[in-house]
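After this come two complexes, each holding subunit A, first together with subunit B and then together with subunit C.
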Partner chain A sequence: MANIQMKKLCKNFGNVKAVIDLDLDIQDKEMVCLLGPSGCGKTTSLRMLAGLERPSSGTILIGERDVTDLSPRDRDIAMVFENYALYPQMTVFENIAFPLRVKKLPKDEIKKKVEEAAEILEIENLLDRGITQLSGGQKQRVAMGRAIVRNPSAFLMDEPISHLDAKLRAHMRGEIKRLQKDLGTTTVYVTHDQLEAMSMADRVAVMNDGVLQQLGTPGEIFNDPVNEFVAGFIGDPPINFIDGQLVSEGGKMYIRNDEFSFEIPQQRVSVLTETPSVVFVRLGIRPTHFSIHNKQADQMGIPAEVYISEPLGEVQIIDLSFRDKIIKVVTSPDIKTEIGEKVWLSFDFDKANIFNKETGMKIG
Partner chain B sequence: MDAVTEERYLPWGLLAPALIIILLIGVFPLFYNLFLSMHFWNLTRPELGMRFIWFKNYTSLFTSSLFWEAFLRTFVFTIVAVGLEMCLGFGLALLFNRDFKGKSIVFPIILIPMITTPIVVGLIWRYMFNGEFGFVSWILQVVGTDVHAVLSNPATALPAVIFVDVWHWTPFVFLLSLARLGALPRSPYEAAEIDGASTWQIFKWVTFPMMKSVLLVALLLRTMDAFKIFDEIFIMTQGGPGDATEVLSLEIYRQTFRYFNMGKGSALAIVMLIVIIIISRIYLKIFQKEEAVVQQ
Partner chain C sequence: MVKEHGTFYWVIFYLVIIAAVIFFLYPVVYLFMTSFKSRLDIYVMPPKFFFVPTLQAWVDAFTKKPLFHYFFNSAVVSFGTTIISLVFGTLAAYALARFRIKGSKDISFFILSIRMFPPIAAAIPIFLWMKQLELIDTRFGLICAYTVFNLPFVVWMMREFIIAIPQELEEAAMVDGLTRMQAFRRILLPLLRPSLVAVAIFCVIFSWSEFLFSFLLTQTEAKTMPVSISEFITWREVTWEQVSAAGTALIIPVLVFSFFVQKYLVRGLSFGAVKE
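== the complex of A and B ==
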């Protein structure tokens, strides 16, 4: 049980800056997901935590102890690798028992602990098998077993379920989260799958190009993204961006372009005037925050044309073309539309985010 | 010829040259050897001709103490030489599996013995061991022993030829091991380090199990080869002094080309073949057992 602190952590591979100034504070018993696209430095960060990669600069503390220069074996952490990294010549039992055998625990104690771990993971019947005979999901469980028998101060998991099929993945999300809560072990979980991160994490750390973008609860990350990248990376179907200009007129503020002009609600204006120089902005609106009308209700309408609709059973996604872009809207499946039909979109301004078009940062 | 017949005969036509060669140089001599081993046929006594004598050649072999001594000597030679080659070759490979200064220079030098033909190896070491101007003898004199003609001394001749075989073939085990070491997956090592294993535990539980199969292959190849060693010993000592280095294949040579006792020589060759087959069967069994654990 321990908290983890990374301070100004950097890693360069030659000219490649894989991780840049990573500051991350992880509480005891917390589960933090490192989320980001492939190649953004998630694995590198985790490997530095594990001691498999030496940071170019910065410090790492685990449970208030500076472990930056310690070897992996002295850090008291367990890791689940993306490729599982099981010992190929050993049986399932021997794989799970390995960390205990290393500590020279008595045989019967090892047996007891391995069997306990196997029971939690429901792999008691596999204990005598060789590794090459296991399916991906079984290997994944063995790798988890090897991590949990040790009762380490932290778990590090690098995309442990990304090689499983969709159904098993959905199942394992819940299993791993519950296991983490039961054991209460601080966990850093790496994934590129936003659904995984949102559903499992206490807090999500979104990374891009080696830089931490935002650290927050799934709710914060979803509703209050700090920039366009975070807004665009989280959510499926993804958030819609609509460009416009900030205009001040008669004490009121508007977002305007050739097709529409929206008055900005009074409570948002005060925030916006803190950055008065910004003129070009981008509205970020989630697909669920739109509603579709077949005639212009009031000033607040975006004219669009139905491109295609995708019924998904419980909901439907309607793709609408607006200018040369597609806006995706999630609606009830009861709404019937025709290809090419003209419609108007309105949206809930309270839930929309306004970004600076040049910097991509959220301004209101 | 229509297409179907052509398709039927074409493979045979293509294989024929190779098959004929294999029959001529592999299969025929084997059966001819078997045939000879059950005959009395001495080239110095042409008037006696070739007589079928069942297994008399074999029984006379098994009752001769000379045969059993040669047999035992061959075993000692094989076990000691191959044992040393395995340990040294694997050990060197472990050293070379990490980077150090001058590695690229030392590496090819280590491989030189392996690419030298046995005859040349024999010649080189015959001179090195020469009692008057040999380098080894000079060293032995400098360090103050009274042995100088190593190969003419019955006590040192066998260790000397073992030494030469180790010199010759350690690089083979080294190369095979090094290639495998370089191809081992990194991830079990990382996992083991995180699991807290010490360097020795990692060697014992991670490296060695993954190396077992290649070490078994090297062991099998080296055992079969050492068991039938001929050239180097023939050049260096001709089996002498006395019969201090007389191994089975030299005994075959002696029976066949000194005493011209074709039947007895052939019988010896068959016995040797059978022993080699038995050894390889044992290794294969061990090998399969290893695989079975992995596959289970």
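== the complex of A and C ==
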């Protein structure tokens, strides 16, 4: 068991900067997901942590021990790969036993440990099988077994369930999270799937273009994103962005454009006044934070037109067109709308985020 | 869906197969038969397919010349070349396949281009070097010369075979506690075994039947079978039955060898044609 620290970690491939000044402090027993689109540097970061890539600069500590220049075998970590990387020439038993065999543990101890791991993962009946005879889900479990059998100080997982079908993936999310909690092993989990990250992680590290954007609990990431990228990457359907101008009038602050003018609640203004130079802003509003009305209720109304509605059973998503853009709204399936119908949208300003349009950073 | 074929299709199918087999096997069978014919039977037209077999040609061939010695040379040179090429070629291929080396594609192609080089053009320079190094008429000299032409082939083929195996296997092994070399030996090498055999076959066959360099670089001591066979053809006479006996002796080991490894041979020949 150990905490993990990455300090000013950089990785360049030729002229390409894959990871830039990554600072990440992962607590003991914690599960942190590295989340981001492909090419954001999350896998490279994990591979540096594993010792499979040498950092261009920076240091990595695992349990206060500087492992930056150590080879993978000396780091006391276990890794689960995207393609499972099971040794095809060995049986399931031999695959799980492999790290123990390398350590030259006595035979009966190896047998005991492998059987324990197999029991936890419910693959006891597969131990004599060859790797080629396994389904994707079984391979995934064997790969997990090979990782947990050695009781390492940290698990590194690189998109371990991305090749499973949707149903099995949803099942494995819960399984892996429970396993991690039961074993209490510090885990770094790489994924591009926000649902995986939000549902499994204690904290999520969102990365983009090699730079860590935000590290926080799933709640913080969702409700209080530091910038437009994080706000836009998390959430399905994605957050809606509406452009406006910041206007100060008679001691009050407004966000305005041709269609609407919203007064910013007093408690939010204090934050805003710290950035008086910002004029052009972007409101970020989650699809669940809107409500739809068929007439303008008060000042807080955005005029829009129904583009299409997608009933999903428990909820429905209504796409509304507003200034050549589509605003997605999640509502109760009881609300009936017609294509082309004029409606008014209101939203909860407390839950909306205001971003600087130029820098993309959150300003309130 | 597999389409059902009629009788006519199969008749044509087998006729074509039989024709192809006769076309390719006839020279070998003819060589084999000639080696058991008496000198008189050889020149009969049309050729005799039924005759009284004799071992005279074999006895003459192996007593007139030290063929056993040449045979031994061929074996040493072929296997020496193959082993050296495989060891160094596979290691080079591993580096080219697995490490980020600047211009590794260009290096690979450059290595392959050596193989495209016409051997005759390199023959004289190689002869002069060998002379300087006093390697003329030594088996080691011949092994060096053959390795020059086998190594590029091994590097190129093995590089492709290694690329086809996911790198994560070795990485997993390294995380599991092996060094890079151990991961290479314990994880990658067992998976490469069929590929190594396939490539080895080509190396053995090339070295076994090579003529030009053996002719140039050997005199008596290190001479190999193909060159010695050509020496049955003299200005005075051509002893075809002895040429055939020695020729048969030359091809039998390759035939036996190929028979045992034919599974791998197909793999080597069809590599890249189908995705595994």
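The rule is short, and it goes like this: the second predicted complex is superposed on the first by the 364 of 364 C-alpha atoms of A that agree within 3 Å, B and C clash if a C-alpha of one lies under 4 Å from a C-alpha of the other, contacts with A are read in each partner's own complex, and residues count from 1 in each chain.
The criterion applied here is as follows: a contact is a pair of C-beta atoms (placed from the backbone, for glycine too) under 8 Å apart; a residue touches a chain by one contact, two chains touch by 3 or more.
Quick caveat, the model's predicted, so the values are computed rather than measured.
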Room on subunit A for both subunit B and subunit C (clash or fit): clash
One more residue to check, A:Phe98. First (subunit B), second (subunit C), both or neither? both
Subunit B versus subunit C as contact partner of A:Ile161, first or second or both or neither: neither
Which superposed partner A:Arg73 touches (first subunit B, second subunit C, both, neither): both
In the superposed arrangement, which partner chain does A:Ala85 touch: subunit B (first), subunit C (second), both, or neither? both
First (subunit B), second (subunit C), both or neither: which does A:Leu179 touch? neither
Starting from the residues of subunit A touching subunit B, keep only those that also touch subunit C in the other complex, and list them. 50-52, 71-73, 75, 77-79, 81, 83, 85-89, 98-99, 102-103, 146, 150
In the complex, subunit C residues that touch subunit A: 100, 166, 168-169, 171-180, 187, 190-191
Subunit B touches which residues of subunit A in the complex? 50-52, 71-73, 75, 77-79, 81, 83, 85-91, 98-99, 101-103, 128-133, 146, 150
Considering only the defined contacts, which subunit A positions touch subunit C in the complex? 13, 50-52, 71-73, 75, 77-79, 81-83, 85-89, 98-99, 102-103, 146, 150, 156
Considering only the defined contacts, which subunit B positions touch subunit A in the complex? 185, 187-188, 190-198, 201, 205-206, 209-210, 212, 293-296
